[in-house]
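Questions regarding the structure given below will be posed in turn.
The letters A, B, C and D name the chains in turn, as written, and every chain counts its residues from 1.
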Amino acid sequence: MDLAYTEEEQEFRARLRAWLATVLPALPAKPAPDDWPGRRAYDTAWQRALYDAGYAGLHWPVDAGGRGATPTQHLIFLEETERAGAPYVGANFVGLLHAGPTIAAEGTAEQRARWLPPVLRGDEIWCQGFSEPEAGSDLAALRTRAVRDGDHYVVSGSKIWTSHAEVADWCELLVRTDPAAPRHRGISWLAMEMDAPGVTVRPLRTLAGSTEFAEMFLDEVRVPVSHRVGAENDGWRVTMVTLSFERGTAFVGEVVACRRTLAALAAEARRNGRWDDPVLRRGLGRLNAEFRALWRLTQWNVSEAQRAGSGGVPGTGGSVFKLRYSHARQELYEAAAEVLGADSADLDREWALDRLSSLSYTIAAGTSQIQRNIVAERILGLPKGR
Amino acid sequence: MDFQLSDDQRALRAGVRELLAGRFGRDRMRAALDAGTGVDRALWRELGEAGFFALRLPEAEGGVGLGLPEAVLLFEEAGRSLLPGPLIATHLAAGPVKGAAQGEAVVAVLDAGQPVAHLGEADALLVLGPGDGRGVPEESATVREAATVREAADPVRSIDPFTPLWRVAEPAEAGEPLPRDGRLRTEGALLAAAEQLGSAARTTEMAVQHAGAREQFGAPIGSFQAVKHLCAGMLVRAELARCAVYAAAVTADPVEIAGAKLLADDAAVRNARDCLQVHGGMGFTWESDVHLHLKRAWLRSGQWLTAAAAEEVLAGNLC
Amino acid sequence: MDLAYTEEEQEFRARLRAWLATVLPALPAKPAPDDWPGRRAYDTAWQRALYDAGYAGLHWPVDAGGRGATPTQHLIFLEETERAGAPYVGANFVGLLHAGPTIAAEGTAEQRARWLPPVLRGDEIWCQGFSEPEAGSDLAALRTRAVRDGDHYVVSGSKIWTSHAEVADWCELLVRTDPAAPRHRGISWLAMEMDAPGVTVRPLRTLAGSTEFAEMFLDEVRVPVSHRVGAENDGWRVTMVTLSFERGTAFVGEVVACRRTLAALAAEARRNGRWDDPVLRRGLGRLNAEFRALWRLTQWNVSEAQRAGSGGVPGTGGSVFKLRYSHARQELYEAAAEVLGADSADLDREWALDRLSSLSYTIAAGTSQIQRNIVAERILGLPKGR
Amino acid sequence: MDFQLSDDQRALRAGVRELLAGRFGRDRMRAALDAGTGVDRALWRELGEAGFFALRLPEAEGGVGLGLPEAVLLFEEAGRSLLPGPLIATHLAAGPVKGAAQGEAVVAVLDAGQPVAHLGEADALLVLGPGDGRGVPEESATVREAATVREAADPVRSIDPFTPLWRVAEPAEAGEPLPRDGRLRTEGALLAAAEQLGSAARTTEMAVQHAGAREQFGAPIGSFQAVKHLCAGMLVRAELARCAVYAAAVTADPVEIAGAKLLADDAAVRNARDCLQVHGGMGFTWESDVHLHLKRAWLRSGQWLTAAAAEEVLAGNLC
């Protein structure tokens, strides 16, 4: 059990910190949440800066154009960028953290050469077309159809919860290529150009009033067969391989941010006098224990991944983390509402919108109910079923 | 950074688990329970020989020369196996109190306002200073002979059949000052948290085992989501507590220790409760071991550092 | 919505209160928990006193020897006896509240004449042989076999969680008479004499250290066919009819007792200074809201039963009550432990043993998990299954 | 004792439900939401005609002459249907404030430290006395013209799209004293609890409806225990709150009202949260009504009597 960072890791951190101190002050102002072109430009410029400084694709394998960094270096990178207030991965998320790694692992040499470099340089943006209105938790129930027509697939259907669809160049798409096969066996993974005829994007308004997500309607969109990654009907495996190997770093920045929020809540409570209420104060103390432990759990998972080597660790450990984290973060914003008192009704006050957004944490990317099934069946070995 | 057990730590843990399985497996544990044995002096000496108490004493002083992380692994195993006796106090007294390191002496702890566990079997008493964990700095502890304190003490019918308790009058005279650094209370809290962790992990295993074996409505009850999700929640609590306890052992930071105690208390008590629920009526019987974990977990929650005090420490750290 | 008691109800209450004031001071000392003959004598003497005063079988129909009281009168009876500290129904429980009503509803005239009067007079004690080690929540999985041999059944098997088995005269027994039939169809209801050859009773120690319950082993016990109530193989319906019609009064005394305990906790907290801790104090305030509401829910259910007339109300409403009540009562004893602080480890302190006993509330008579299924499926109409 | 609705009460409830279904059914509710309509004056007058505000005024004063139990049934329906506007304040002001009883006037409430809901649309303001529900006796409320207060007020971007909020400076001058008995705050708390109850019951229905219809993994999600048990918990919360609210309406006892507000707040907020969870991603969209219930439930929890104040009232009652 060693929590000390190695000399090499400390050097990595120091270099990164020094670089951040140089570049961050020169960043332009953050664009408004609904200024999609502005957000794309801002996020891709940051990716280009990372690329130029040698930080792009830090966790990607070297032969995919990445830096082959260890999980611990990746953790340090995410921790330091969050601490320094650097831009979030934003529009580059799907390309860097899902579609890219999928192509790196399962794509042909030609596909890797075509798609990976633009992701690393911030030249191209990807979005994800997995979820469908009728297939939420039950992703494998997806219905979007792709029918072979010569050297193209003709794709029709609808997708939902697509971030950055408005400004993405490419979409990683799961489609049903064999409706007769068992649910998981007839699915293929396609790269679809977002400006292809037949693609319609409609913003989806969330309960927070924002349009972070979109619906995507596909009406006989033609996708070249050469844009399929992996074998036909093997798309479920292709995408799950990438989803199920993570290196424990998925929520590093978020935990750092939650701890900062918690300290700010304490400061605000001291300011407005609510700190004198032991019920509130002790609640904040308990949250301090929660987020400190979640940070240690992150380090634990990252260390496990580091020991496991390049294969990473099965994503089941991530379910333990996500279950506790998503609830703790919702509690954090409930505590914020307590601290704010009547002001919690003011959407212009800090944390009010975060409180609304946090309502999705126990739903998105696998509901807590689904996560508990995963923990019970895949970690604890309880029988499937019922 | 490599926040995983080293090979030596794994070997240490395996060794203690083996020792306890051999010397305090389920049959002997239940026999000790039926016999009302508190501290088994022979076993105590064996624990001493295995380094349970001398673990953190420097090798020059006849100790094993290891640190808090290794101690935490030992006490986690003790918690798993329901091992009774004032293990923590004797461990903390190793060195200053003669015979404690070797398991020749049994040392209990006196914390003002708390009943004293195992006073009847103790040779010496560690008297904690009044530091309350809420920012008041911990005063140096003292050591007293157990016999004199026992004279003015009354036995209490203890909720935990493995932990006899005595109610004592507040000590009038001071004992021998202990040449330690005023960290006894925080170290005690950490080791108690480790015991709670071991108990929480064990009750998770017990619940999973029962849920997989017990059939109702034509299927193992573990195939029903209601039971499945109880078990999943237990694992999450135990694993989060594990990371908190291990990290607190590495850093020895009082705030981190407060967090570890808070989460481990919670994990031990709630996991024992959920384990009982999964066991249904069988868990309500004396025959089942579930209640032994629950009762001990309740006791430990009130010892060394309570939830209220820990939350205040953790809140104070935010400012 | 009328919470005022009618003149008739007030008179009933006043009469009862006056009678209690006369008889309670003359009661002998309560026997020790493990003095079974003493407990039987104490409980049956109290039943005899009730009988002589005209309160026996208050809620039983008149044609079964009861008083045909309304649910509200029954509520008043239970409330007043609990308030006055009168003996609990104790050893008479099964006879008065389950076996008796079952016989009254489903028995022949002969069976009613044989078994009901001794229950009302406190002459005979019944116990219940339903649960089995392998059939806990899944009661219908019971395995105890009854094989017909002329005009007798020969019964073998084992039962568990039987209260007062040590001193009972009769046992209401569910047995499997047709192993080939579907689970619910091959069960019969028998009245078994407890001194019949082949009946062995073994005390079952609970985690509270007490022996409130027993296991019962049946080795070729001969039970006359004439002791079967209802048709052969119809025992499931026979017993469920009684179980599923209640009049909302099942926990009247318990709620009264919980409210008294809560007030005593507040007094103790004032005494020992813990009242100054707002976390503890506000927690007690919240429990006050819980138990006040549970009392109102009791009055609600009783009023509903009163309106429904003699049929009573389906027991599903009881599941709503039991779910909340059993958790609230467990929280009450957790609060007691907080109030007692370090003294909560002392089994001789008030509430310490109650805390242990309360651990069964979410398990006994239908676990909270089973109760939630009942509420979801039978009240909310959600699909069965899984 | 007959703690069930009388035939008249059932008829009253059915009438209001019908009125609201016709005048503020889902389509009109969503249209009002899109249009940003706060108080619809025409609807306000219709509510006035239906006796919503004059319900408890004596018939001699042009009222309906009914009591708190009937008022609670009305406000429960308002909570179900998400009916916006300062209903409670206008109801409480009926009589003393001209036009309130008839729905001609819109009366908002000013409670020190709280933002004022619907100030922009209000004609008059009920200014609550500083009684804090913690035993400090409630002082008499006063009435002020809304226009003068509005001049020194700033609009707040409200978390509830149906409830515009304004931040106001503390009123310097006193308003007209109200000829009431100092029970405005407790009565307001009770009626808010009734609205919360209506919302909690409605989100239970919404969750059950969705759970029965939505299929995942080849079956309605309501056939999975995880979803089933969420729904069961919602019903239990709503039904307990119902009994608490109805009984508090009958007794008008401040302690009972505190309990009713505490349980109804809890039921409304937690049921809306669970309803959202049952709805999954669809519940996170603006299109769904779930968030409207949650946001209103949050707002109401902070109004009239907070959980902290209610718990202190209930604790004080134990001694």
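What we mean here is this: contacts are C-beta pairs under 8 Å (C-beta built on N, C-alpha and C of every residue); 3 or more make two chains touch, one makes a residue touch a chain.
Computed from a prediction, not measured in an experiment: that's the story for all the values here.
Following the contact convention of this document, A, D is the list of chains adjacent to both chain B and chain C. If you compare C-D with A-D, the chain pair joined by more contacting C-beta pairs is C-D.
Most remote chain with respect to chain D, judged by CA-atom centres, is B. Computed from the mean C-alpha positions, the centre of chain A lies at a distance of 39 Å from the centre of chain D.
Each chain gets a centre from the mean of its Cα atoms; for chain B and chain D, those two points are 50 Å apart.
Centroids built from CA atoms put chain C at 54 Å from chain A. Touching of two or more other chains is recorded for residues 277, 279, 282, 369, 372, 385-386 of chain A.
Residues of chain B found to touch two or more other chains are 224-227, 229, 308. Shown here, the protein chains touch in all possible pairs. The residues of chain B lying in touch with chain D in their complex are 224-226, 229. Residues of chain A touching chain B in their complex: 1-6, 9, 72, 262-263, 265-267, 270, 281-286, 288-290, 292-294, 296-297, 299-300, 302-304, 306-307, 320, 323-324, 369, 371-373, 375-377, 379-386. On the side of chain D, the complex with chain A involves touching residues 113-115, 156-161, 165, 167, 216-217, 224-227, 273, 276-277, 280-288, 290-291, 294, 298-299, 302, 308. Every residue of chain A that touches chain C in the complex is listed here, in rising order: 277-279, 282, 385-386.
For chain C in complex with chain B, the touching residues are 131, 133, 135-138, 141, 160-161, 204-207, 209, 277, 279, 337, 341-348, 352, 356, 359-360, 362-364, 367-369, 372, 386.
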